[in-house]
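Listed below are the structures to be examined.
Next come two complexes, and both contain chain A; in the first it sits with chain B, in the second with chain C.
After this line comes the complex of A and B, so read on.
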């Protein structure tokens, strides 16, 4: 076998001897000038393995070649904060919580694989983001997910959605992480390109922060975890970096990896044990691009080079060639850099958990990444040329031609319900619509309480996790996006998503401190998409600068388009906040009977891009609601203050569906009723369904009304009393207009997802 | 002397830390046991926590049954040591034949996570003597394979001998006769699917009823006379 391979392997020597050999660079997704650059870097043609490695590392997915020029804005505009311990460019951003504890969090997409093979695609998306968290030195403590599907009654949604939810649930449940919330939306634009964005968060002592550097000549390179198979070959270059064809020919399923959460659980425990024992010099997870990425990134980040004997990699498939081994995206693997004196102990501790650990190479001082296969050199490259010096494109940008036309097609001019009976019916119809209805069919498939630290989970505005049982310190996280607003105006739409995630965190009483983003867009080769991308990134960067919270990392997902149809630009924003004492968090609900219900913020006639326009008219036009980040900051400061003094019994962010939906959710969640009197002179329909930003429904305990009102007035924040919580009111009583009994409300709101999927 | 409650970690155990917290909050000392330990480190009782031991390979609990620590636990249980199995721990106890019956895929075929209302059917076990028979408790139930099944004769015998320990008030998985938990004949070994260790703090759980389960075993170990609700 070895002898036979030796005859056929494309070594550096062979490459030198056969400079004119024709190579499949185009098939691997490389452009001609990119191929020429590789030849120039190496001074010869690349070997088959090298070509595979460059094609992977220079793919859109790994190199960020189209987005990099725009993402620079994050570093340029990020506010400086002593909390930021690791930022963009690391596996995940790390922020300090107090003098002892730090958290790391990141959101990442696994969109294309989840369409091709929903369960495994989504599952490995969760697995991948968890390993990013481990690689920073943290124990993963929770996951969240932001999902977007096509129309709920499209037959393919019944294939994709249950599979995705099963995958997220299966992986997260088996690896033992609570799912603390997220979002699920339906829109026909995601029919052929569903979005599966997964977030994970981890906690660590600040001293345990790990590095991805392969430094110190003589140190040992250890591959930890699962065996390497043929799965996922071409994942990043085939699936993630190209547009689905309209005909849908070919079966891309072999490009999707298969996940094993059991092995991931062992990886977590073993890695943390090794970190705590001080046995690890450097660590990197293997995700998209497998060994290729992990070897080149650790070598590039280190101070020398690396030598790897590829035949030492444990394989689960026969006959794998070096370029297969390098490109495999087999899951549940980590790369460790270890002091030779400690290598023995690392192997022993791994084996105690039944986890495979194999020394496959050493750190060298050569400045080169050299990979041998059965004694023959198949790769000899400068590692930075793979990891850091990929192509960078400043792609053409053009404002979409239809934007001006869309802007004047305002939803504010659409026919509206006029009678009380029509408005009443609209409340019910909206509550029953796919984007607003109860999502427990999905969230009940996720464990939410493992670890025993989940203080708030779905359906709260943000998930809240306790970090330290002694001090009560904890974090809140929310994940939000709104593709419709971003389609109407990507700059404002991205800021609206940022503002909503920020507000959702603030609504729990937490103080927002950091951002992670997942930028889902169509093809970067389309100048209109590139324009959307540039505008959205600028919106986020400007917004974070204003709010004083840094973007700590994230992910770009391009090519979410089928043929010429791109998805709505969909920046999904994760905001992390800190709570000094999670016992003081503000929940969703209606507090106690007799409490005052009030609205913070002001309501304008803003219906364009709203859920009402989509549900009732299938309409998308006009300009999105205004964003006022100064107002958001004041609101967040107020909410944190009132949480600390326990002057709010409940709070709920107003977003899709406006005030009407916020009331429906508070009522259904609390078991109490609400007596509401709308302010004099307002148009009931507008007041109930407008999606003006910067608003929060609050419930004020008896006796605190004056204090809360004064606190608002001091900050110049509008507060409008709306009514009272009442145990004897059946559901929603909207004085002078209509009554909506609890049974009718719950019948509309609950059970819709399963019913629409035919379950 | 505080009672020492051993908590077993199999590769793939997930709720071992949570079980330790529950034991600690109830006033006992949690002691970690490893799946290939041959001895039980002098513990007074054993808690088999939830999770996916050995990745649930073959069948839930099927591999864990053959672990070294399970041999020691089976011998100790025989001698009367209190043993509690929750979720995957319950599955392990059934696979080990320390408890009758089996846990199979939920009737609706999905993993489901909901707070479960349960009735404590008996106070005559080591793990429920601090409850009143007939009391209602709320523990989170979250599993894909928690439908309790056994043949009719076994079920009749369990009912007759008062070994149905917990019963669902809203059966979430299709379990036969709404059974959520059962005991062995001696009443020292109890298994249930819902999670008492996730109902120990008002801040994080649907109730604090779970503390009563650990409190029960502490009362049992201190030999505190008859079950509290014994009025038959």
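After this line comes the complex of A and C, so read on.
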């Protein structure tokens, strides 16, 4: 121990004695006025450890300093619902399913680490979101992911995509959670800034809901899980809170973390055992900001005081200084607050599972977070100043100058295929395009059915998981975003993503009840990006208010920007719905031969921002399709009703690629053919490729046509019969226009991702 | 013929779950005096007899294929060629 003692430690006493010592606040990402504020709060200069803690907690990633003024809208506009048991500000939102069980879910970004080191970055993203679910008291039951990469044939995509997919599969498969779907998109705007958004969902008895409060003076603070090493120091304060320089990523390299999913599995089991035995007062996961964040947040949420002896933290690396220990982002760790009478039992039960558990401090009534290192005080701060009272910026907002120009550059004016042969070829080309083609190269690398409760996984519109074998109650979740629409109009684009996720859940027959969002944007220091952010948040908040489903949490990822080039604003929306009986869910496909194929909703000439404009013309301009949330609500209510009465054999949401793509996917998924007759007088190209919102392709079992039509008419929902399912038709028969055989369709649609990546 | 051995190890600050697992298993063998275990990989490469720039080529192989320089370090040993010996 003499070695550590020989280390010169910057204590509170030293800081008092050397007020003028120069400190590296700028290198840690703090602004001058922020540094001055820290000095004012403390009445002296911060110690090295305190400076590290403030720089982390006041970073964009942890403090939400640029987004907070806008995110308030969620609280102001969120509909009140008795289902919401925990909301924004908790580790994850919790919603009640019935009187006994609740689910918790959240989507979070791990964009920057996944660019630097794709496999480990994506893997630890999955690990992090799973720990948020555990911290609420739930057993994680599934994961999903929303991925965005640069152009599919760019050489760097061949580095990033396989690594990210490998990481998600490795972590999720090893920890034993099914991956029930998600989305993958390619666009050159994500070239230097891929987006990796991971979602996890968990289930719990309502009585097991946990809190992150460190309350009750005298209670013991226990660190559970892996040892603390030099992983990821500076990860959130520097990596996730600044723009990548154009010169390269070399400087960000040391902040990579490597996770261990087998330790995570033990964490799940230990935590649930401790919760069930009533041994835990408060719990917090250690995520992006390590001990710094966990200690300050639990102390701030509780009675406000805590004393920690930092030398008790088990270390993996030699010679770690106090500020290293506080900033480390080592994975698979949790912080527990435990009654002293139960501390022994908590330690013993953890050790029985082979996990390290160490008492490192106590809750106090002092109102201060005091951290000692070998008896010397290195931190003495009011914890709320770290966790809750960070800087808040109302950053300048300016509408992008090019917006008016973009709006008049409409895709509706682009040259279109006119002959049947050209339209036929367009169907094939679109099916083979990177964003629309079969994604099984990716989804096959994930375990989708471990636990045996997966009812629907990829490529369905939403993942469906059974929660209770006896009642059959289950949930459906969908993750959706569309950066192109949001680039054209962030307010409408965000609502289109919300509407699509809502509809994707509804087409399984589930009733949507809650939202989680991951807001991926460029630099908040750019007023144009801030404008996009404000518009998107307002769009989501207004949309959720209208739909009557609350935003329960999520995260904000800024600085997805290289040099001056920001990504498209990309709000990714997760919607969760409830199915009373998963046996009545509606699948993808074409039902049985003789069933009627029909379209719900109406089709307008809306091609701006569409997949067709991007694939065929590399075009992005005009205004995105209109959103009608009243219509979406009626549609969802109808689908849930028809699922309950088993009057739909299949349903599929129309989104990117329009009706043509929905038919291709339904045919490839079902093994049957489709005979389609387009309504009289429509322009076949527009009808097939428009991306008008609020549409669903449905398959109605024989004999139910009249009942379904009546149900639509009662609700004022347009329904258009398009044709029939037919086992003797080879692929798609579009009467009076063309035939597209199954072999040709599948050859276009399947196997594209691996082939384009050179695998 | 030049024989090159490349050792690839995780950087010291990176967690090695495999090494930790081995360390955790040692008490079962009544081995209790081990402080740390790190696991890496050893790659043996044999170049053609007339290969030139062996060291440079080995470095390219190690840096771009064998090791992930973000989280791993590598060392290259070039075994002295017996033919060149007097």
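Please note the rule applied: the second predicted complex is superposed on the first by the 749 of 759 C-alpha atoms of A that agree within 3 Å, B and C clash if a C-alpha of one lies under 4 Å from a C-alpha of the other, contacts with A are read in each partner's own complex, and residues count from 1 in each chain.
Everything below uses one rule, namely that contacts are C-beta pairs under 8 Å (C-beta built on N, C-alpha and C of every residue); 3 or more make two chains touch, one makes a residue touch a chain.
Predicted model only: the values in this text are computed from it and were never measured.
Colleague: Following superposition onto chain A, is the placement of chain B relative to chain C best described as a clash or a fit?
Modeller: Once chain A is superposed (C-alpha atoms), there is room for both chain B and chain C without a clash.
Colleague: Quick one: is A:120 in contact with chain B, with chain C, with both, or with neither? Answer first, second, both or neither.
Modeller: In the superposed model, A:120 contacts chain C only, not chain B.
Colleague: Based on the superposed arrangement, let me know which partner A:176 touches: chain B (first), chain C (second), both, or neither?
Modeller: The answer is first: A:176 touches chain B but not chain C.
Colleague: Is A:331 contacted by the first partner chain B, the second partner chain C, both or neither?
Modeller: A:331 sits against chain C, while chain B stays out of touch.
Colleague: Rounding to a multiple of 10°, what is the angle at chain A's Cα centre between the Cα centres of chain B and chain C in the superposition?
Modeller: Vertex chain A, arms to chain B and chain C: 60 degrees.
Colleague: I'd like to know which partner A:354 touches here: chain B for first, chain C for second, both or neither.
Modeller: both
Colleague: Report for A:445: first if it touches chain B alone, second if chain C alone, otherwise both or neither.
Modeller: In the superposed model, A:445 contacts chain B only, not chain C.
Colleague: Quick one: name whichever of chain B and chain C touches more residues of chain A.
Modeller: B
Colleague: Would you sort A:222 into first (chain B), second (chain C), both or neither based on which partner it touches?
Modeller: In the superposition, A:222 touches no partner, neither chain B nor chain C.
Colleague: Could you tell me if A:258 is touching chain B, chain C, both of them or neither one (first, second, both, neither)?
Modeller: Touch partner of A:258: chain C, not chain B.
Colleague: Please indicate which partner A:62 is in contact with in the superposed arrangement: first for chain B, second for chain C, both, or neither.
Modeller: Neither partner.
Colleague: Would you sort A:231 into first (chain B), second (chain C), both or neither based on which partner it touches?
Modeller: Touch status of A:231: second partner only.
Colleague: Report the closest approach of chain B and chain C over their C-alpha atoms in the superposed model, as a whole number of Å.
Modeller: Once the two complexes are overlaid, chain B and chain C approach no closer than 5 Å between C-alpha atoms.
Colleague: Can you pull the chain A residues that chain B and chain C both touch?
Modeller: Touching chain B and chain C on chain A: residues 260, 262-263, 354.
Colleague: Which residues, counting only chain B, touch chain A once they are in their complex?
Modeller: 11-12, 14-15, 17-18, 21, 51-52, 54-57, 110-114, 140, 142, 144, 195, 197-198, 200-201, 203-205
Colleague: Could you please specify the touching residues of chain A with respect to chain C in the complex?
Modeller: 116-117, 120, 226, 229-231, 253-254, 256-260, 262-263, 316-317, 330-331, 354
Colleague: What residues on chain A touch chain B, complex-wise?
Modeller: 166, 169-170, 173-176, 260-263, 265-266, 353-354, 443-455, 466, 469, 582-583
Colleague: Residues of chain C touching chain A in their complex?
Modeller: These residues of chain C touch chain A: 10, 12-17, 20-21, 24, 68, 70-71.
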